[in-house]
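Reading through the structure tokens given below for one structure.
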């Protein structure tokens, strides 16, 4: 029993509770909160060394309450989950430190810190759990905190955004429940590894697995909603614009990635076992693997996201809106290789595809997190993020401008920043798989990215100095930003270990047998 | 169980169907109204019917624990009635 | 080698600090760095081969450097012209704002350019490639306040960075077939021993044309080939030294460098049909050369003229490399050098003019030689070189172009005869604008032009050096005519040519590349073409103003201007965004729900259909009793009543019917815990509903019939999805559901210590779910608190 | 026991209709109606889950006589639904208060009048 | 369960069901909310109570039998109070009385 | 003595019922002890709900009356239901509704409440409202033709209630008239009124 | 304002509801019930008091407690106590899980012990009860927070 596996859940949980307990002492509360954030980074790092993605690449199960899988709830730390946790740890810590100076003080005392850590609990739970219903629960934890954090300032824009966000996600939750119920009823299990195992051996468990395709498609819509893939992207722009900057950073950087993680984990590790003996029976689909169904689905969604996100971002008149639309497009970029991987039969391409998606996710988390925080700093400096009110920031706030520039360049894919490798691997996946349409779309999307970021740069950072510039960005915030910017550069320059970690993560997702064996023990699979 | 369960069992069965069927009629009154108190009365009737159904089901299955359900409902059905009445009278149920 | 490339970057990083100490003298610091680089490049002269440093081994990407003629040429230009430009900047940028940024960007650019030149790995080549675009963006936007700078910077970024992405994809296709990113070395795709194989692999995979085209787009974007040339004239928004350095001598050469670099890979030997390569680049180059020369004639600003001229000469180089013959290679290699010399000189001259005369308008300038005699002398050498007038340096490389065009026509016949015709036609315009530039120094001084100051020495020496080199190159041709060959230069250019030759040529004659140039001594086709060019040019110069006006009139036809297309695309995109997005992101929840639910329906039903799930025949399974059926029926009636409820309160009460029916359902489904939970939750929900309803308006929202029909269809679709889902899943009966374990008395009662299995699951087996669940409940409370207590703080964010 | 009706078909129809009605309400412009719609949908999802535990067994509590065909009703789905009900309750409470705040901020709960898109 | 018990239970179920029907029919048939309340507050309450009483008879004076009794107490405690609250609210709302009835003091 | 410990004991007894204790002495005692613990806790927490001291002897003395009350009540309850059934199921629905004001002699909360609820559960009447100023119940009758038929049973219960709830008034005291000044239709609002 | 009748019945019913919810809470492991149901039931009792007596009555008249300084924008300070209550509940629930970890077991490894008493024969103490009690307090604290915050509007 490796207790470290559960620590990324317990540390934020305990921190959330502690911040509630000490809420009357503002300074203490902040201290506890930041320490909790640091402890989170630390336990994730420790777990990382135990899983050792760059070496042994272990899959460590953790049976809650000592009940053996599949009867109890199992947590699973493997290279894929620690990769995602690592991403979450970095962004969440940065955003947390940023928050302390940025977020309304009364709000911090009232509920910000517990909610923030509960959000982390949800995120960690989703990354670690090996149980589909438990996944639902952590999704709800994450969502509930994000609802509140979106509406945090409680103004007109915030309440409207939250309303849309909440209603869509409530429907999503019902759909998820429906899908989970159906899957449980069809297969008799909730444990992901067991599910995979049963789907692989339907006869042995007297399972008629065919309905699982439709059910997993139902489930897919939920993940698409969480990650803001078209046509489920609607909530993204209003919610990201309404939330406080560090929360937007978390939402775009981390929470969205939970949807991506779920897609990778469930569709590549679990549902890929589902085979349709008579072949997929819809025109345009072929093969017998469930992935053959999701390939085209993901492709259409990714394409729509890239185009819609790009088009949307080009015309926005404020930084937050631009970043929000950009997030829609960038998620398209993350899912595009997954679509290719799902369609391609070869394991090699699949690993490449998942690696690409993970690297792109990592970069998006870092860069978009950076950009949202920078946007927050711009706000505290100027009092607005509308281009009409900005201008000349390169002169007033050279450091802030520089980090924004770095973030934007990373998303554009300028080497040697981390974002370059995201684009690089997406292109490479498409190229290696011979997916020329995907390649064309990725290229178009990349050009759109250049278009909107260059526009933002011109309008917000160059030009005449805006008369609204007031007090200047807060120093702590700028330090956090500079740190993230340095990280964006460092990941690019020292990319090799990052890539190997992502490859190990992709391997953990694709080499499903090992996952099943680790969770269920040697007898299975 | 019963020495001659047939008649007993039939009675329970019929009772369940009657009680369930009555919810439809009471439902009609909830929907039709015409006034809010009408709806509340009807809803209260449904709640009381549910108490009956739980009791009957306890008899049908021999599971005493369903009586607990009916007990709890007998308690809290009251609260909703009070709440709606206050709402109707004051517009504001908590001051 | 790594030191050479990294030195400028390292120097760039510390530049802001250096600037604090040295202030204006930072120029000399930067120039010293450039000089050091130049020295290092020079130390490589005569060597060749590659060195490699691991970067991303698991991706097969390394920082690999390779030295050969071509890379040395670009390396010399980048560092050598760099020294001069940075020195010149010391004078030119005196008193200008943003110098720390300026020198940082220039040094970074120089490093990137050296990286491009010496990279022997496709990925690291791309890295440096994009960094040149990036530093160019910053430098073009140097005057950040100016709208025109912003426009220019964004345009150049869009075109060159995007072009780079095309190139990257081309590289990836090559990597896909060749399995390596290495350009040189034992497995390098461009190594003489591998190039032919790579070529074949590309053909075999059907990726030859795609890879070629993609790389061509990258090269064309960088080297401003029509129709991607449009960013270059705008790039003149940059300070003039930048124009001279990046936008004439070096960065724009990256594109032609790329073409030269990949020439051995894509250009097969001994093909008698016109190869794809030639068709692509010869046509592209000649078209660019001609069109941009014509546009240069239309220019009204001296820097604009030089910019179009640059594009035109880049076209010449591209065309040269495009021709398959050795003449072609010689054209490209030699003209890279010649053009860098005369054009950089001319830009610096333009800078002097702008700086000292205060205007760049052609029609406001004239007779400058009186005030600027040395500058005039430099201009004579450089402008005549640009015009292709013997014995100035440009003449010789143009002769090679004519030679190769004629050769291609001769070999391929037919339409290939257009090559020499277009080459001459384009060259006439080159002649025209070159003379026009030269005439700025002669003739009458316009009235408006006041006294023109002498430039400072720092601004005069660099163009003088460049002019001198240009003159010396020209002189070399003259002396060679008389048997005194400039052997060092010849050898060097020969090594450049060699770099661009296909492997077969290498194999045949390892040392066959014997470059030399001289004045024509007999009536060759090329000499004839030169003569025609100059003769027609001299005649046409009399009508220069008419031509100038005529072309400008032609340019009022929008679709003829590539810029019109660009602007329409970019602003059109903007407008499209502003127009379209509100139709998608309507702000209306119903739109969002409609899309989302439609997708849910399609996906789920699609999934069932794709799996070929058959609807089960409806069996009579146990469990459904009349009372259960009745209760469910009432639930439906209740839900239906909710949807037509005439008021909020009646709807809430009606909703309670559903709640009660669900509770009864739970009772009848043997779920007492659920029934209890449902009832208590139902009650409390009602209370909260009432608490909130008090405070809300009575809004009933009439339903339009058309809306109702549309929503009805969607609702039915969702209902159908659920209907099918229920049907296909209720029949399932998995053999060993995990529930079996919990039904085991030994586990639940003896091990977990509880009789109520549901509760034991909730607090023990799956207690972790409950932990999450209570977190949600606690957060619900925090959220309500936040919603109310944070009110009126909305204005602060 | 009467077996005259087909449970699958009835359940499928009932759940289908409930989801339909819920969807129809979600598409309305009155926020309260939208919340009703969501409530109906999640109630229906819960019923679905319970149905998946198979009807007609006996209560999943040991020490209580088994009355239905000898099998015990699946306790797992009941536990899951319990969790789902609780979570749903939390979110419903939140969305109701949110509706109230929407009204305070916008002066309306007509979704068509909540202002422009972002 | 002995015969007496069984007969008693069956009887109580019959009576209970009968009064449930009476209450609900009254709810449907009677002309205004005040009169409807007569039906529900008496008949439905008694109906349910008699079913709970059947439960008491079934389980005897232990276990669920005792719980049934508590249920009956609750029912008689809360049902009339509920009716009082509703009729009071109906009157305050100004819901008209059926027939000649009027609120004392209203002329 | 304080009232809350008594209530605690009552709750302990009720606990046995709620828990549905098995009919074994040890179980009963054990559960009773647990019930006592929680009952006392609850009663203590809410002790201010029940501010009065109570006289245990009086309470015991009142018990027979309470039993009597219950008997009468159950009789009326059954009659009431037969009455309702008759009225509802008869096709002609013989009803003649009206509202009657019934002034009370009882003063304590408990007594008022008991009577009010009894009225509702018994033939043809429902307690609609209570006016604190006049200490009168507003009773809706399904058949208001016979006012005495409505008021008489109420008086009977009131007599028992006066004893059970240890009121100042005695059974047989004169029935107060309704002060017409307050028959405005809006019974006056007031705070929690504690009888003594 | 409510009538004496309602108030009196409320006074009678509230302790009964409490009693019932305690019973449900304790028996949850073996019978229907458990922390959540008990918690909501307790809350409904409070809700009843709030509705019938108003928001301040409970604190001021019953508990004789001075309402703490209110949170900004909130009229009533009682929320503060309820917040403490659910924080305590969370701590209890999480803490009960953590105890097992202190003994080297997995988080939430529940154990139970059956004690034999003279009169009660056996009495089962399950660690799960601690967890369930945590659930109870979270539910009560949270729901009361919601009720009182919204109610005080």
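Points worth noting:
As written, the chain order gives the labels A, B, C, D, E, F and G, with residue 1 at the start of each chain.
Please note the rule applied: contacts are C-beta pairs under 8 Å (C-beta built on N, C-alpha and C of every residue); 3 or more make two chains touch, one makes a residue touch a chain.
Please read all numbers here as calculations on a predicted model, not as lab measurements.
In terms of the distance between Cα centroids, chain C is separated most widely from F. Compared on C-beta pairs in contact, C-G and A-G come out with C-G as the pair having more. Centrality annotation: A (chain centre taken as mean Cα position, compared with the mean over all protein Cα atoms).
Per-chain Cα centroids separate chain B from chain C by 70 Å. Chain B and chain D have Cα centroids separated by 20 Å. Per-chain CA centroids place chain D at a distance of 26 Å from chain G.
Chain A and chain D, compared by their mean Cα positions, are separated by 29 Å.
Under the contact definition stated at the top, the residues of chain A that touch 2 or more other chains are 13, 16, 20, 64-65, 106, 110, 133, 137, 140, 144, 147-148, 151, 154-157, 159-160, 163, 167, 171, 175, 178, 181-182, 184-185, 190, 237-238. Residue positions of chain C touching 2 or more other chains: 581, 585, 587, 589, 593, 597, 625-626, 633, 668, 670, 672-673, 676-677, 680-681, 683-684, 687-688, 691-693, 695, 721-722, 724-725, 729-731, 737-739, 742, 755-756, 762, 764-780, 782-785, 787-792, 794. Looking at chain D, one finds that residues 26, 34, 44, 46, 48, 52, 58-59, 61, 63, 68, 76, 80, 82-83, 86-87, 90-91, 93-94, 97-101, 105, 114-115, 117-118 touch two or more other chains. Contacting chain pairs (ordered by label): A-C, A-D, A-G, B-C, B-D, B-E, B-F, B-G, C-D, C-G, D-G, E-F, E-G, F-G. Against chain D, the residues of chain C that register as touching in their complex are 581-582, 585-590, 593-594, 597, 616, 618-626, 628-629, 632-633, 635-636, 639-640, 642-643, 648, 651-652, 655, 658-659, 662, 665-666, 668-674, 677-678, 681, 684-685, 688-689, 692-693, 695-697, 699-701, 703, 707, 711-712, 714-716, 718-727, 729-731, 737-739, 742-743, 745, 748-749, 755-758, 761-762, 765-766, 769-770, 772-774, 776-777, 779-780, 783-784, 787-788, 791, 794.
Across the complex, chain G is touched by residues 1, 3, 6, 10, 13-14, 16-17, 20-21, 23, 62-66, 106, 110 of chain A. Against chain F, the residues of chain B that register as touching in their complex are 64, 67-68, 71. Partner chain C is touched in their complex by these residues of chain D: 1-30, 32-34, 36-37, 39-40, 43-44, 46-48, 50-63, 68-69, 72-76, 78-83, 85-87, 89-94, 96-101, 103-105, 108-112, 114-118. Chain B makes touch with chain E in their complex at residues 1-4, 7-8, 11-12, 14-15, 18-19, 22, 25-26, 28-29, 35-38, 40-42, 44-45, 48-49, 51-52, 55-56, 58-59, 64-65, 67-68, 70-71, 74-75, 77-78, 81-82, 84-86, 88-89.
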